[in-house]
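So that you can tell them apart, the chains are marked A, B, C, D, E and F in the order they are listed, and the count of residues begins at 1 in each.
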């Protein structure tokens, strides 16, 4: 599957924390940690575990820009 | 200003393309290119130009995870 | 690629309209039309054309519920 | 109330699962299941229950496109 | 129609700017200006014009918090 | 830090409710209550407490328009 989302940042899963319905996943993308909030169900479906190769996928319209 | 968004990825602006109302910005974050879609008005307001230091800011709930 | 987004609605592309930076795509999902707004660049990258099989992908946290 | 969101997919609520702050709702839209993540408070406010008529409402800019 | 989105901020339309596919709308909510980016098609569909009563609708998961 | 998000609504925190992974924050913006859903981690990081000055930050592309 190829997707229209412009940002597919490849890395390694370094944390999986499940809440009651929502989980937080952290991916190490070349030394930068990216944090994601997804459903517990998606975690189970993708069998996400620490150490797995995975990508953070982000639609361009969800990316803001900040300057100092 | 500090923000609740969990992802603040620092880098350098490498492209600024304005459309009629919407602009596309690309930031090089340690070798990874992140694409953002924001209003032209924000581009003017932040005076975004190629070569500037800037950060891509992304709320954790806007980050999906993909696996092969 | 498998993705954490809970909604992958398969259908057929019925409209591709490009603006200056942003494009609108319509997909017929079993008789229901789903409208998407993505970058022109994604349209070119995926070579989206009327008649193609494609899916509308939506993160669960981007779906609201309405009642009469 | 009429809304700018381009996608208002009418169906029937088939699942309501509340977590501590976030709930997951599933709607059957003509045989396709759409999953939504909303606040518990919204579930209470709309009195969402299995069997109710409801619509999944999605802004066009939150819809991505995927192809095989 | 009642919606799960927790934020329905009532005000008056003070600006409507259409681009090629995307429009920017400004609403005065009790003296605070709220800016929205929606499809041109939605502008036409809702017949949005300066001076109209309208509401800015925002899902709670799209609201970040910032502090000084 | 200045951000591309067009909506930075200043107010006072009136409620902080933490779930297992996701928290709900309410800000009083000139008499209008704005509800936000963020990670517990962000609440801790920003040390959000009732009575603090804070702003609700919203990207223009996440704002919909509704009319009666």
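Here is the rule we go by: a contact is a pair of C-beta atoms (placed from the backbone, for glycine too) under 8 Å apart; a residue touches a chain by one contact, two chains touch by 3 or more.
Remember, predicted model here, so these are calculated numbers, not experimental data.
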Mutual neighbours - chains that touch chain C and chain D alike: A, E
Pair joined by more contacting C-beta pairs (A-F or A-B): A-B
Inter-centroid spacing, chain F versus chain D (mean Cα positions, whole Å): 22
Centre-of-Cα separation between chain E and chain A, whole angstrom: 29
Of all residues in chain E, the ones touching two or more other chains: 1-6, 19-20, 22, 24, 35-39, 41-42, 46, 55, 57, 59-62, 64-68
Which chain pairs touch, all of them: A-B, A-C, A-D, A-F, B-C, B-E, B-F, C-D, C-E, D-E, D-F, E-F
Residues of chain A touching chain D in the complex: 1-5, 19-22, 39, 41, 59, 61
Residues on chain D engaged by chain A in the complex (per definition of touch): 17-20, 22-24, 35, 37, 61-62, 64-68
Interfacial residue positions of chain F with respect to chain E in the complex: 3, 5-9, 13, 24-25, 27, 29-32, 34-38, 42, 46, 48, 52-68
Chain A-facing residues of chain C, complex: 1-6, 36-39, 41-43, 45-46, 55, 57, 59-61
